[in-house]
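The structures come next, written out as structure tokens.
Each of the two complexes below includes chain A, the first together with chain B, the second together with chain C.
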Partner chain A sequence: MAAETQTLESPNTTAKGFALTSAFWMMIATFFGLLGATELVAPDLTENIGGIVFGRVRPTHVNLVLFGFVTPGLLSAAFYFIPRLLRTRLFSERLGVFTVVVWNIALVGAVATLAAGFTQGREYAELIWPIDIMVVAAFSLVFYNFIMTVKNRQEPILYVSVWYVLAGTILTACTFALGNVIWKPDSGALVGIHDAILLWFYGHNVFGLLLTPLSAAVAYYVIPRACRAPLYSHTLSLLGFWALIVVYTHIGTHHLLQVPVPTWLKVVAIVDSVAMVIPVMAFLINIWYTAKGRLGEIHADIGAKFVFTGTIMYFFVSIQGSLMALPDVQRVTHFNNWVVAHAHIGVLGFAGMIALGGLYYTIPKLSGKPLYSRFLADFQYWMVLIGMVGFTVVLTIAGLIQGNAWLNGETVYRVLPEIHVYYVVRAGLGLMIFSSAVLGFYNIVRSLFGKTGASS
Partner chain B sequence: MYYPYFIAYITIGLTISLVVFYWAFKTGQFTDQQRARFLPLRDDADHPPVKATRFNRIEIYGLFFLAAAGLGATAAVLTFALYFSK
Partner chain C sequence: MKMTPLAVVVGSLLILATIVFVVVLLPYVNTSQTAPSDIFRQRAADEAAGRKLYIANGCVYCHSQSIRTIDWGLGAERIAQAGDYVADYPILLGSQRTGPDLSQDGGEHPDDWHVAHFTNPRYTRPLSIMPAFRFLGDDHMGNLIRYVQSLGMKDADRRMQRQRFWKTEAIKGYEAGPDANVQWLSEHIPQGWRDVPNPYPTSEAGLARGHKIYQDFCLGCHGPVGDGMGPAQPWIYPPPLNFTILKNREISGGILYYQIMNGITGTAMPYFKRELESEKIWDVGNYVAVNFINDSDANTEPKGIDAAYEP
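And now, the complex of A and B:
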């Protein structure tokens, strides 16, 4: 009982810090996305403005979405629920706050260096060495804080969310270091095809071993609580966890099926991409059965509503992903906007939605008062949902046009006008998502620091 | 040469995973699964809702303006794209 009181009395400074980090960088990240989308529509618009040429805007957008918006959002929820699940206090709030500061310095550094043209030129691993080191340090600090909290726990059993968060943070610290080749500070790369293999081993793990486990952890916490029902099966959840660890760690080569990498590696990647159905369905069956007959409760809680929607998107992105790993399918879908659509269902529809859900679920608990405006949060929900589904539709269509043209040997300049309209629609939807991020930031800041709530 | 990196990674990863799995097994992480299902529910001391106070007018107008501007711009772009661009 004493421990329970202690946990509730915790200041939750780290969780608040990560919540603000996520809400703020969501605005910046989606702004860069919008800028990039606009440049695809009107390439001459930003001509001769070196800092914001597409080649610099795109990595800035991607890195900020991954490490600025989604990961901190998920970590914010984790810093709230890990001590509670373990019946103890966070090992060190001070260390947590220090981590938030390091994290934000790394993000500012990322934007500044990418805009100035400092890049290692490898997708998802563009950041230069000093920033790589800060990222690895930040993940290691988060892991240290969590593992020490586990050590001090009063609850002997580790709930599945704890397993996921621990695995996600330590595996990312390791794979980020490996994938960014941090032992070669100058280039951050190996040479030739080996570099591509290592890069995509890491690139895939950013989604599979960072976003996916952290999102699963948040869903496994929020859904039972919102439904006020126990998890359908903890055994099944652990099965899903270990299956993910076994299968997800080595399927990165499915990004390189049309590249001369060894066939055995492709076979491993394809077989295990299909085998991903096991951890995915173990997770979804568990969450959906927990929520069965309780959708009213989920609807009543805006955080849970975001999270539950994220799980539905996880179903779509994973089934699509398993199919995309089949070489015959990929002959059409690779190298075009189909993959960009898939990326947005995964990162925004699944992990981003769950990150927002985690934020909206925990913020009233962090601040001790209701959300500033449930209406604004609902509004943001619809804007993100419509924007994301819209992205998927237009980019998939554009991708199919490009893929077909590619197969038929058409030249690129004949295809570009055909997909122009889809790019315009995509930029419009991007504007909507950016606007929603601004609303979300306002709502979250007011919820954390404001004295009053808004009427609904 | 990617083999040494991969072999090192696989060996280290597998070893750590097996050690952690063994630890989990030994410390009874796979027992008492019925109780584990209820772990998220135990801590139910959510703060009672604070009553919302009167809404600041300027704020609501500002926010509506922002939201309407976002949606309006989106609609304008879509209309332009679908009907007016060649």
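And now, the complex of A and C:
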């Protein structure tokens, strides 16, 4: 990792493109989240506006967060560090820019089609066939660009971040095609119970084979560099990487424990969900021991601060996820806002925080000047952190109320007024997250295109 | 271990292929042999069109179609079986239950209740947070209702048959005029219930509780002053009962309790036995009797041993 000089002249256009993509779509994605949260509080506010009925807003929010904000943010960092880790140039900036364009067209298409009611109706696999093709093509192009960069490398040893990026992009291209039943363009679905099994195999792999590997790659790059320390253990890197791919891919059926699917498959899903502590702790111990005694350096770098916070959230969301796969726990937590809280710790607290960290760590290096405003970035950090922890608290409370009330025989309708106040707080916190995204976009645009970096 | 590009890429692809074989293809050996369940039937064309609208508007994000062994609410009489879903692509199990599970919703309500409910869910269910679906237009809303009324398949068909039979009877009763209608309604209540007065004395606290229940559950159809002119009224036929005409028509506390508990199949009046415990039903019945009928039999004879909690 000492070859910066060879690549300084790189234009980094692809990394900048993905950075802007991420910052822009974070605003749109969180706006849709805020809109949906508001509709749950005041359903008649948007009465009879078909394009933004709650059932169309929610999948738009989820897809934009996953594929508009978090994934491009992580890829932006990857497009910066992969050539540097390999002591070479990116194979093709033109291909990279083309990928960014395809990516953004797919996202615009996603918003338009979902608003118009074109959907495959399957969670995380809503996007219709033409957009599916674009997404698979985009992931394939990203992989191709990276693997060709690997081929041209001057550095013989592949660092752990490279493993994760290669595996994450190629495996996601495969599971996205599989999960969206891409060979059936009309429905994008299988028939009956098997559709649910395939859907949740894919759905969980959006986190297991896309967000987690890319986030791990960014953390493995940013933390040792920010700490100016070597990585704690190569063995733990190996264990974490292979265990992640083996274990994470088995657990999708833990979404279906209360559904008539084969029992042996449920057992596999539960056992492997608990076994998730192996890849999770291998990664976390490796990162945390690398940073041991050097938290001051992490605190000093806003990017590393985001990333390190993300690793802490990864600990919480993973332990919680393992517990939620236990049938006795799931009797209370299934079908209610507990799961929504869990999703927000995972995607915003872990992968989202690390994506933002990757952006703030690399953007000064991409632009060759300091961030436009360290203060704004810090402010965004606290808004996201408070908002996300707040989501977790209120939605977990709401979920416990719902789950226990239902077990106790109260009807869904009776429980609605009991969770109303938590929905109000959630919408308020959503406004905070959306505002932070607007600040972040402003900061990132000024940092990339401003004439000089002003420090504050 | 030396991590070459080949080891990383081919290794992870091989692992993925193996795992797809185990957790996606192997289960297919079980699930592909699923036989249709005893309630299964194919969907009619309008029901299938309604299902497309259900998907397009994301109903699945708030309504599950997956009854579990631990469920008590709507549809809990029948636990989901794999054979219920053999014609569903995509399957719509759902992952969140912001609204009730709809696996067995077919025939729970007559069609006119659904029209009012889709027009604005708060017309029939004041606490609902469901969006209004008037923007779909009449044709689409009609198809969506056909789909919802088919949920539960053969069980739903039986319930719909019941709804249609009693709808005809209820319309006959209503069109025969207020006297005959009230008599028709009361006739169908078991005599034991008709003879029972509200066993609890009228109290301020009880009326306040009744007021709250009325606002949360009844107001949409029967209206804030009990004249049957709530916001749902224009879509419902026979229209919601006007309580203010019931004075001197021998409406006992037991009659009110029975109708609230069981509902009136064929009319838009749902049953509330799942949603309201005994005290809440007595309280809201007495609230109606005192405020709208102006004739309460609360705490009159025959009554049993004095209640322990009374002041």
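Basically, the second predicted complex is superposed on the first by the 448 of 456 C-alpha atoms of A that agree within 3 Å, B and C clash if a C-alpha of one lies under 4 Å from a C-alpha of the other, contacts with A are read in each partner's own complex, and residues count from 1 in each chain.
One rule holds in what follows: a contact is a pair of C-beta atoms (placed from the backbone, for glycine too) under 8 Å apart; a residue touches a chain by one contact, two chains touch by 3 or more.
Keep in mind the model is a prediction, meaning the values are calculated, not measured.
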item: Three-chain arrangement built on chain A, chain B and chain C clash or fit; value: clash
item: Partner chain(s) touched by A:P364 [first = chain B, second = chain C, both, neither]; value: first
item: Which superposed partner A:I245 touches (first chain B, second chain C, both, neither); value: both
item: First (chain B), second (chain C), both or neither touched by A:V259; value: second
item: Contacts of A:V412 with chain B and chain C, given as first, second, both or neither; value: second
item: Partner contacting more residues of chain A (chain B vs chain C); value: C
item: First, second, both or neither for A:P224, with chain B first and chain C second; value: first
item: First, second, both or neither for A:I197, with chain B first and chain C second; value: both
item: Which of chain B and chain C A:Q154 touches, first, second, both or neither; value: neither
item: Touching partner for A:N404 - first (chain B), second (chain C), both, neither; value: neither
item: Single chain C stretch clashing with chain B - from 22-30, 94-102 or 184-192; value: 22-30
item: Shared chain A surface residues [contacts with chain B and with chain C]; value: 158, 160, 178, 190, 193-194, 197-198, 238, 242, 245-246, 249-250
item: Residues of chain C that touch chain A when the two form their complex; value: 1, 3-5, 8-9, 11-13, 15-16, 19-20, 22-24, 27-28, 30-32, 34, 55-62, 64, 66, 68-74, 80-82, 85-101, 120-122, 125, 127-136, 216, 274-275
item: Chain A-touching residues of chain B, taken from the complex the two chains share; value: 1-2, 5, 9-10, 13, 17, 21, 24, 27-30, 32-41, 43, 45-47, 49-56, 59-60, 63, 66-67, 69-71, 73-74, 76-78, 80-82, 85
item: List of chain A residues in touch with chain C within their complex; value: 39-41, 43-44, 46-50, 53-56, 58-59, 117-123, 147, 150-151, 158, 160, 162-163, 166-167, 170-171, 174-175, 178, 187-199, 201, 209, 238, 242, 245-246, 249-250, 252-253, 255-256, 258-262, 265, 268-269, 331, 334-337, 339-340, 402, 406-407, 409-414, 416-417
item: Residues on chain A engaged by chain B in the complex (per definition of touch); value: 4, 7-8, 81, 84-85, 155-161, 178, 190, 193-194, 197-198, 220-221, 224-225, 228-235, 238, 242, 245-246, 249-250, 364-365, 368-370, 376, 379, 383, 420-421, 424-425, 427-429, 431-432, 434-436, 438-439, 442, 452-456
